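Questions regarding the structure given below will be posed in turn.
Letters A, B, C and D name the chains as they come in the text, with residue numbers starting at 1 for each one.
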Amino acid sequence: MVSTEASLETIDRTALWQSYQDVRRFTEDLCATLIPEDFVVQSMTDVSPTKWHLAHTSWFFETFLLSRLQADYKPINPLYTFLFNSYYNAVGKMHARPRRGLLSRPSVKEVFEYRRHVDEGMDRLIHSAGEETAATIKPVLMLGLNHEQQHQELLLTDIKHVLAQNPLKPVYRPAQNTPETQTQPLQWIHYPGGIVEIGNDGQEFIFDNEGPRHREFLEPFALASRLVSCGEFLEFIEDSGYHRPELWLSDGWSLVQQENWEAPLYWEKVDGEWQVFTLHGMQPVRHSEPVCHVSYYEADAYAAWAGASLPSEAQWETAAAVLEIEGNFVESGLLHPEPPQEADKDYPEQMYGDVWEWTRSGYLPYHGYKPPPGAIGEYNGKFMSGQMVLRGGSCATSGSHIRSTYRNFFRPQNQWQFMGIRLAQDL
Amino acid sequence: MVSTEASLETIDRTALWQSYQDVRRFTEDLCATLIPEDFVVQSMTDVSPTKWHLAHTSWFFETFLLSRLQADYKPINPLYTFLFNSYYNAVGKMHARPRRGLLSRPSVKEVFEYRRHVDEGMDRLIHSAGEETAATIKPVLMLGLNHEQQHQELLLTDIKHVLAQNPLKPVYRPAQNTPETQTQPLQWIHYPGGIVEIGNDGQEFIFDNEGPRHREFLEPFALASRLVSCGEFLEFIEDSGYHRPELWLSDGWSLVQQENWEAPLYWEKVDGEWQVFTLHGMQPVRHSEPVCHVSYYEADAYAAWAGASLPSEAQWETAAAVLEIEGNFVESGLLHPEPPQEADKDYPEQMYGDVWEWTRSGYLPYHGYKPPPGAIGEYNGKFMSGQMVLRGGSCATSGSHIRSTYRNFFRPQNQWQFMGIRLAQDL
Amino acid sequence: MVSTEASLETIDRTALWQSYQDVRRFTEDLCATLIPEDFVVQSMTDVSPTKWHLAHTSWFFETFLLSRLQADYKPINPLYTFLFNSYYNAVGKMHARPRRGLLSRPSVKEVFEYRRHVDEGMDRLIHSAGEETAATIKPVLMLGLNHEQQHQELLLTDIKHVLAQNPLKPVYRPAQNTPETQTQPLQWIHYPGGIVEIGNDGQEFIFDNEGPRHREFLEPFALASRLVSCGEFLEFIEDSGYHRPELWLSDGWSLVQQENWEAPLYWEKVDGEWQVFTLHGMQPVRHSEPVCHVSYYEADAYAAWAGASLPSEAQWETAAAVLEIEGNFVESGLLHPEPPQEADKDYPEQMYGDVWEWTRSGYLPYHGYKPPPGAIGEYNGKFMSGQMVLRGGSCATSGSHIRSTYRNFFRPQNQWQFMGIRLAQDL
Amino acid sequence: MVSTEASLETIDRTALWQSYQDVRRFTEDLCATLIPEDFVVQSMTDVSPTKWHLAHTSWFFETFLLSRLQADYKPINPLYTFLFNSYYNAVGKMHARPRRGLLSRPSVKEVFEYRRHVDEGMDRLIHSAGEETAATIKPVLMLGLNHEQQHQELLLTDIKHVLAQNPLKPVYRPAQNTPETQTQPLQWIHYPGGIVEIGNDGQEFIFDNEGPRHREFLEPFALASRLVSCGEFLEFIEDSGYHRPELWLSDGWSLVQQENWEAPLYWEKVDGEWQVFTLHGMQPVRHSEPVCHVSYYEADAYAAWAGASLPSEAQWETAAAVLEIEGNFVESGLLHPEPPQEADKDYPEQMYGDVWEWTRSGYLPYHGYKPPPGAIGEYNGKFMSGQMVLRGGSCATSGSHIRSTYRNFFRPQNQWQFMGIRLAQDL
């Protein structure tokens, strides 16, 4: 999960503690505008209550560091081990996922106390552990911080889903989307293919599923210079895209009919005009902004309609590897995808940030992948079935969290993440 | 629903306003120990969040009185009409019942503001309406207050169900059950039967389903002198009661197997001892207290095991009509059934309060019953299918709310109300 | 179940064997027009394959008579005990009901061989049992024959349901419904009420649920002189009957919306004309024929729309007790309800035959009812919850099978029996 | 789907008609031991009744050839177009898949008449079409024949599933499995990898999903010399394989718990000995035979337990491309996997026949894949989501039907095909 080199060097405890504090504080900053009632609701099984995210990320440090390495650590409540375990069978039994929204207690206040309790434990552990222990701490702590960053993104997408269910359409954080702009013409960036290396062996922190670095062969291909825009997706809608079975994967078509999909999640036609629920409330749909909250099925159907395809993850990574990691991340505070700034003739834009980009690659192990031993091995490997890979991060991802080799994964029917479409072409 | 005589007399506005204030205040008193997070959760479709009960009871006055009779009444939020309608199709569309737990907003504070807003409206309406309007107000207001009393009981049984789902087993209100006592021997009180009159034509407030008063013929029968105790029900359990299909109705037996029922709802075997979740937290099961939170199927199976039956509602009402309305109601603050005090040789004990008593009567209209016209007609009549009648009130019912003619009704599988068993015999 | 008197007299073995042969042969006559493929299908959980009816009725004689009283009886296949047990827990485990349609074997031929095998056993048992054994045989044998008659009716309603699912609309038995006639004007027959006796203590064969005979009090009431006709039901449909929630019980209204009910089961609008699937294939709806295949919810909604109610079973039985048992039974071969012949001013018509009449009475035990001991006790008693009583038999019932005290019962949502509506009024 | 070269050459009508007759006759040969009742049952949604397979394969020729190219062709029943369309939206509406088992009609006899009717039409079309039409016929006819071969395999796996539901455990065709043999020691065959070409551009008939031929890069790998045996799988079972979450993909583990899986489908412990339901009835499990009827989840868990992985489809195809296509196919008549004959040191054994081999590759389009235009385009492309690729054919596949490039695909939970496990290693 983390290169062993990293853990052999002398640990910079001050830097580590600073990173820890930064990530932990940012999680709590995200809750600033919420009232206690907001922390409780679970609007579907995929969604967790805000309170649960706050507690589970603390449970992670408690379970994998404090309980194991801090001899005198006393849990604030032994039942939390059960309540806030997400899916680690090796750690013990857990509270059933669909029941997370049934818990009014512990209160929000108690959950914040739990965070303080764990933070104090971590403070002591980081600053007083022997050098050898400290070396074993770092990789797990880095994993814990990256884990918490993942839950920061989920916290945002989950609370968005919760608020969207409410006919009162509550605002998470007041803001105005930027004004409509001219949509850039879409261009195709060509790549020669050949034997490429993808994946990551981790000089810095990586997730285990990003490795090992290995070779793949790519035939020549092209990537779209920008993401598919809402205006383009509207053309698909108006061309009866949601009513033409020939455009859809069979499973997708079943879902379209069963759920009566007519537009992306959170779109609503109000007085004849398309609006979209955002974290700033209901907003008009800007034609130039990237379409978002579409499932893999919708992305694939759009690509079929457009006479193109979705990129494979190897194609995407090859194109992204040479780019700077910059874009509309959670730090921008916009919490919504933005229209592209200006066209670049040589490189695709918005590869990072704005929306996760569906690839046509199933989430499967790379050649030579082995999950790490123990409970940590459950982190990624056991989900390698039934999901598709997404790349590039979104407007709800931390900029420090993303990489060209980063593999996100969701089920093809999922829509509630900030998910969008980049087209590709097999040449 | 209310005798027309009642509405012709001069209205005592002071008394009316006092009643209104008393009932409304008691609802809020029941929330005194809750934290905001508790008000939000819906633990099953039958259960509503506390917040919803607070708002819906206000919606009732707003919809059926303020919006109709108060010319200048301004709703605090027009969407509340949609959000807090329970099931009145005649009033308009409504928020789907299973989605009540998805609403973090309006906040608890806003819901209390909504109550204040309605209270102010009612204050003005009661005190400034012309005499003719005032006469039409009273029956609807009395219905609204009785409606709110029903929701007080539901608020308690619903929050109990919510807290019971939580592995932390939170306490609603700290208290100790009274100590164990000697169980009274069960005796049989005989009744001659003959043509009896049951039902109520309403000199005072009654619900429409209690009338008309009409004649029924009863063959001779006997009623048990007291409720079935937990100790007796334990004998049923220990005699494999939950594992003998011959004791059960077919639908009940299916449910027993499907849900793996082994004891009443809220019972749990902890270290070999039966405990029960109460509004005071987990408590040992007292053998002498009336068994509670049993479904009709369990009540019927117990009766079959005991060689008896459940009373019909006409039998029950005939026996209850001559008794004082006194018992362990919500005003006692015990919020849990109590063991019987002392045996009476001539009359059955605990007919009122402690637990609602399952009868063997389906909830069906009496001879000559017609639901009232308009939305109010949806109050009771449309539920006359698939439910069984219960009688006598419980430790969560207001003493001022119950009568010998009062017909409560639940589905045979329901357990989450304070429901218990009185045996009968056909002679 | 059977009066003990009946079993004390000397048994007329010839008559018994004749009855046995008559009933058994009639079951097989009903299969004359079916092909082997028809015997296999189970179109919903309530429906059983024809093959299963043929076998289960034989299993009944095998299990309750041959295996118990015939020392040298050898079952043709020991697994049939498991396969063809319907719901008798006391007899042992059984093949799950929803899986009856998964059995292609035993073949139809083997099932008929099974019938022959049981018939031969019964022949020997009836003719060679000692006098004492013979006396114990008769009540069980009579029960078995009445049981088989019930399954004859189910066989017809089940195969009708199976064929109705098929877009080819196969004909069970070719025939023409009689031509349309003038609908008789509906009149009201008045009854004074008072203390009446209903129920049956069984000089002849009765089912246990018909007793004990007991007294009930009836307020004055009126019964409609005839059944509700299709023409009248069409007026209900055209008056938006299926779209007005105020007419419906709450559970019924949920079902109407969920299942998109717009007309009785088997009705279909073909080129603007209402047609109905019958055992003779698709036929135009005759306005004068009794409406059929309506649920309790539809019957109740129609009654509400018509400003009337459904009769209670005591009302129905009181009116029926004085009438001759004659009508359009299965023996007529019409297998479809017929328009009434001529109005009678003094008595209601079509009380027997044509369609089972929904009553407003829940299917519950009479005062003093006790199920018989042993497996036979599961016959009726355990179904006394969640069902409504129907009276009078239908065009699929044997005329020799019906009585004024006969209590049929189905769930309020069921439609697939020949079920119709007679109105009543509380005076 | 078919190389255009193929259709330009002069058509050999005699050969074509011979192929047609051979395939069609073989389908009917497979039904020789069935009774009419067997043809009707649908034991789960994935399964189709035998009758349906017989009709649907005829519908294919009727729809895509006769109705389009034979001017005077008269369908035997226009409703068959609706009843026997499987999933071709472009052709029109269709009978819902889960309702296929509700159809007792058309009878088996009528379905065979339908086959004769289509065969006669095809005879005329093949022999009397003009040269130009004949050229367009051939690729569709070849597709139709390959389609029918696929349904021959499904017919066998579906009837096996139907018979397996029956407690009578009926025998499809009597036979004895061959006696137990010594299990060959498992060896690893090494492959160097590099840039390989896989896929097929079709000089002969291929399915569209096999192309285009394209390059992939493989790191060095090894394949197991033979399939995983029942004996080895038993070790997995006895090592608590079905009870150790760490071995399972998360979705698989959920299924194991929900369905209480303890062994492959069709295994049953009878008197302490493992038996397996085969098309010859219940048989003892031979340790040396390849394990069969395991899902992808079981295959993956077994591989994890064995410290290996499943092959990718490119690995499998690279190894298979050089091998003769020979093995235990449907023509052997064994209808059950066989133990391997003898070990080969240089090539893997049993790559073809016996059991389909789960690969770790998701069923996704190859680089450059485009589905053909029109309804035929629905054949394969729209299923490219949520399924895994299997390779090599089974004991129910025709030997003439399989190729090294053949891509079969099923959902990871499916077990009812003849599916087994070959291990691989990433070197």
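Remarks
Just so it is clear, a contact is a pair of C-beta atoms (placed from the backbone, for glycine too) under 8 Å apart; a residue touches a chain by one contact, two chains touch by 3 or more.
Treat the numbers as computed from the prediction; the structure is a model and nothing was measured.
Least step count on the touch graph, chain B to chain D: 2. Minimum number of contact steps separating chain A from chain D: 1. Work out the mean CA point of chain C and of chain D, and you get 47 Å between them.
Measuring from the averaged C-alpha position of chain B to that of chain C gives a distance of 38 Å.
Inter-chain spacing, taken between the CA centroids of chain A and chain C, is 60 Å. Under the contact definition stated at the top, not a single residue of chain A touches 2 or more other chains. This structure has the following touching chain pairs: A-B, A-D, B-C, C-D. Every residue of chain C that touches chain D in the complex is listed here, in rising order: 35-41, 43, 51, 77, 79, 82-83, 95, 99, 101-108, 162-163, 165-168, 170.
Only residues 87, 89-90, 195, 214-217, 219, 221, 245-246, 248-253, 296-297, 300, 309, 360-362, 364-365, 367-369, 377-378, 382-386, 412, 426 of chain D touch chain A when the two sit together in their complex.
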